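Presented sequentially are two complexes of chain A, the first with chain B as partner and the second with chain C.
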Partner chain A sequence: MNDMARLQKQRLALYGWMLVAPALALMSLFAFYPAIATLWHSLFTRGTTRRPSVFAGFDNYGDLFADPTFWTVAWNNIIYAGITIPVSIIFALIMALWANAHIPARSFVRSAYFTPTILPMIAAANLWLFFYTPDLGVIDQITGFFGASPTNWLGQPETALASVIMVTIWKEAGFFMIFYLAALQTIPPDLREAARIEGAGRWTYTRRVLLPLLMPTTIFVFVNAMINSVKLIDHLFILTKGGPNNASKLILYWIWEMAFSYFDSPHAAAMTILVLLTLGLVAVIQFRLVEKRTHYR
Partner chain B sequence: MNTAFASHPAKRTLPDFDKILDTIGAWALAIVWISPLLFATWAALQPSGTALGLDFSSPLTIENFVYVWNAVPWAGYFANTVVLVTLILAGQLVLCTLAGFAFARFEFRGRDTIFILVLLQLFILPEVLIVENYAIVSKLGLFDTALGIGLPYMASAFGIFLLRQAFKSVPVELEEAARIEGCSWMGVLWKVYVPAAKPVYLAYALVSIATHWNNFLWPLIVTNSPDTRPLTVGLSLFGAPETGVDISVISAATIMTVAPLLIAFLIFQRQFIQAFLRAGIR
Partner chain C sequence: MSAQSPFIQIKAVSRVFNGCNGVHDLSIDIPRGSFVVLLGPSGCGKSTTLRLIAGLETADQGTIAIDGKDVTNMPPSRRGLSMVFQSYALFPHLSVAENIIFGLKVRKTGKEEIRTRLDDALSVTGLAGYEDRKPAELSGGQRQRVALARAIVAGHPLCLMDEPLSNLDAKLRHSVRRDIRELQQRLGITVVYVTHDQTEAMSMADIVILMKDGRIEQAGNPADLYLKPATSFAAGFVGSPPMALIPASALPGDVIPAGLDMTKLTFGIRPEDLVLTTSADQSAWSIAATVTGSEFLGAETFVSVAIPGTEGATARLPGQVHIAPGTKVSLSWAGAAAHWFDGEDGHRLEPAMPRQTAQEPNTSIETDTAIPSL
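Right, the complex of A and B next:
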């Protein structure tokens, strides 16, 4: 009998492995192996037909740190993250509060906020081109009406990154809104009534009651926004191509450029490893925060 | 909702200052948010060259759409995107169902370790590994094929995680009942678990379709012919400003690219938002 049970258990284990195997194989091929191979290749020089690639230790990383473009691009990405994350979260929260309020044409309002989410980033960039075109674009027509001179929004270093940031906020705020919307719908309306009876104004209620209750959602949205600040670069291909003079270049675009325009894959690999380390840090922070959160429950 | 109103009949009739402000604010933001799309639609319907003037007296035309349709193999791009999205979704559904089922209902050595690896993959973005994945896809002889674009996305950690959660919430009694009737493991999966997780499948499918319909960077890297290029890549080649294409023509191309998903969204709005919600809450 005991043997039978053990045999049964072994058979189940075998089934389990067989079910996981296809997914695990693909995941290894396109995530784990490439991650390790990237690390490996980042330690070698670029091979040519004349000179095969040789082990270089951390030279590629040293080159990156010595390259002023690295610091420009990294700094751009920090600004990109530092602005898109808080601003889209604030917009998302305001949108959710409005989309949850009893106002006329609420479903139109909701759709309007959400629509950019389902557009490709490339299409979003094309739509915004219409706003940014110097002199003829919508923004310049409006500012021109008030007597301002035309601005080359995408073509000058001072405004290129900001223009790119605008598109990202426009694209992701509506997506984050729905998570807040879902969270708001789980908050009992009695709470607001109770706060009102206690004499709390709207602002106090939002700050003291709503925001703390929405904290788990904010953490979730924050982590997603962090990942997006690495991932969302498609619009650069249309709007600025990282220019002018690297003023709007972001890390992932730079990796693409190094690997597929300059065919310098060792440095691209080194940069990729730095990004993976950053993402790993985000993962650790998230797991920590989630852990903390469950302690309170 | 209705009962809340009924209990304060006086409040509804009073002009509520806060509510008026809310409405104005919400509408204003909605109009600002939707305006890029409205302007593009307007521009696409203008004769090329006049669009930016915002002259509302000029007649509308569909000539830009006709021009775009003839200038680019649009029908081909469209078909490529449909094939790609279908292929990825089919692969994801099969692989994630099997793996999710294993993680939810089977005990085997190393399961928890593997599951942590799966979670880790949520952070190892396929977008970041473009260099090595390009090498792998080329070595497999899959460069410039739909399978080459789709394969890296099929073992989706997100899908596995979502389905594992869904399968775990299915009561074990249901499974036992099916086993008594003589169902095999595959029978149990197909007859008990898959039907129980239907809403999750719908949610996941919608998110997957929207994601891959819109994906750009990876398809850009692994395609180089009109026979495999999806819509987004086609649009980017077409819309590049240095080609000197008129903005109303670019607008027409953009509207054509987003129209299928946009129309689907407007029809299935409720399901769509619900789907994104369900998929996003981990």
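Right, the complex of A and C next:
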């Protein structure tokens, strides 16, 4: 009997490993190994035919911190994340609340909100390129109607980053709305009625019942928005190419530039490792702090 | 408000949803401090009626007054009532205590008062010690009590309950039924209670309002409903097992009371009023039937019989009775026990003359024949 139990336990463990194996193999091949290889790579100098690459310790990291572009790009990305994440979440929530209400043409509203998500980022960027075109673009046509002078939205350092942020929010809010919409539909209408009977108005209900119940979704959306704020740079290629004067350059674009325009892969690798470390740190903080305060059903 | 006027007065209220269900031209008066049960099959409009009183639905026509105040167009929060939902509608992210005092907090009640009211509600419902649990960590019965505590904590004079026991198991249901009734009497509140379970209605209610298709079928105290069902629907719905309803054409002509048209007449008889005899002799006042099965329930046995040309009937016999399926029996009853309904509109008919017939093989009911028929 005892042997039998042990055997069964072992078999379960075997099943577990078998189930994990495919994911583990793929993850190792495409995530863990590249990460370690990148770390390794970042510790060497850039090799040329005349000067082969040698071990350089953390010199590449030192170079990055000494480069003013690093600070510009990092700061850009912080602003970019700091605005796109909360604003797109808030828009997503508002749109979801509206699309979930009993309004006429509900399915039209829903699909209208979702359309930007279906578009490839490159296509969306091209669309916005047209919106932003000085004088001829939709935005200048509208502002011009009220007498404002044409603005080169993407071409001047003051507005370039803001214009890029705008496109990202437009693109992401509809996507996040879908998650909120799904979450809203799992909340039983009884709760709303119970709150009404207890005298709670729309705002009290939203604040004390709806938002806490949507917290798991908010965390999920927040993590996704976080990741996107680092990895979603397709539109930069179309809109600004990081310019003017690095005003709209984001970290990943800079890494790409280093690696594939300047062929300086060790510095690109070092920057990649920094990004990985930062994201890992943020993830730990999220799980430790935010999750504790969240109710999961 | 005068002392005579009813606590809740629903006057000619209609609420119709696209095409189906809803309630039509409903008028109900509910006295203060009474326990009123809205009973009926699903889709009969009982929940709609409750939601109209609660203010979760708005009446298309008619007026609703609570405590002498016209509340027809008032939001639920201003009607001074509380409600227990079928699903309990507890807020899953809030603790038991937070759930109970949700309304008090919304209304900005003072901290001290909230504390005392919460303690009261917890002790009344026996939830003391569970304040900090989340609803997910409670059993079904405990959740039900949290919903109850939330309903009574504010001290509203009116409490609405929408099938509050339907998610509990049978044994718990029985005890909670008694608890709710006791609580209602202790607090002196008016309760309007919706259920489709006639046992619940009969055991708890001061007044049962039986509904069908958005209209009141019969309203009265439980005994009225049971002893004098106003329609054949009421007769079939109240009582378990239900009253047997047999078209008069399947009866021997002698038992039809004088003055009733037997071509459109339905005869009803409660299971406990049926007398079974296995003797072969058929009298003029009994009907032939075949036993199809029996259920032994300890104190009594239900014997179901098939009667040609009908949907059959059930007899409730005391103690343990052994009758093999297929046995030919004859059924008889005391004349006074018979209910007569119009075969078309289902209304109760009162025979002009009590019949002194219905041959009784067994003695006890024999005396009943002296009582004038209901």
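Assorted remarks:
Basically, the second predicted complex is superposed on the first by the 256 of 297 C-alpha atoms of A that agree within 3 Å, B and C clash if a C-alpha of one lies under 4 Å from a C-alpha of the other, contacts with A are read in each partner's own complex, and residues count from 1 in each chain.
The working rule: a contact is a pair of C-beta atoms (placed from the backbone, for glycine too) under 8 Å apart; a residue touches a chain by one contact, two chains touch by 3 or more.
Predicted, not measured: the structure shown is a model, and the values here were computed from it.
In the overlay built on the shared chain, the residue A:159 is in contact with neither chain B nor chain C. With both complexes placed on chain A, chain A has more residues touched by B than by the other of chain B and chain C. Legend: residue contacts after superposition of the two complexes on their common chain; A:53 is shown touching neither chain B nor chain C.
After overlaying the two complexes on the shared chain, residue contacts for A:268 are found with chain B alone; chain C is out of touch. Contact with chain C, but none with chain B, is seen for A:190 once the two complexes are overlaid on the shared chain. Look at A:143: by the touch rule set out above, it reaches neither chain B nor chain C. In the superposition on chain A, A:208 makes contact with chain C only, not with chain B. Annotation: chain A has no residue touching chain B in one complex and chain C in the other.
Against chain B, the residues of chain A that register as touching in their complex are 9, 12-17, 19-20, 22-27, 29-35, 37-38, 41, 94-95, 98-99, 101-124, 126-131, 133, 136-138, 141, 170, 174-175, 178-179, 181-182, 189, 202, 220, 224, 227, 230-231, 233-234, 237-238, 252, 255-256, 259-260, 265, 268-269, 272, 275-276, 279-280, 282-283.
For chain C in complex with chain A, the residues that touch the partner chain are 54-56, 75-77, 81-83, 85-87, 89-93, 102-103, 106-107, 134, 136, 150, 154.
Contact residues on chain A toward chain C in their complex (touch as defined above): 188, 190-191, 193-200, 204, 208-209, 212-213, 215, 295, 297. Put simply, chain B touches chain A in their complex at residues 1, 4, 18-19, 22-23, 25-27, 29-31, 33-37, 39-40, 43, 52, 54, 94-96, 98-99, 101-103, 106-109, 111, 114, 117-118, 120-136, 151-152, 154-155, 157, 160, 185, 210, 213-217, 220-221, 231-232, 235-236, 239-241, 247, 250-251, 253-254, 257-258, 261-262, 265-266, 269, 272-273, 276-277, 280-282.
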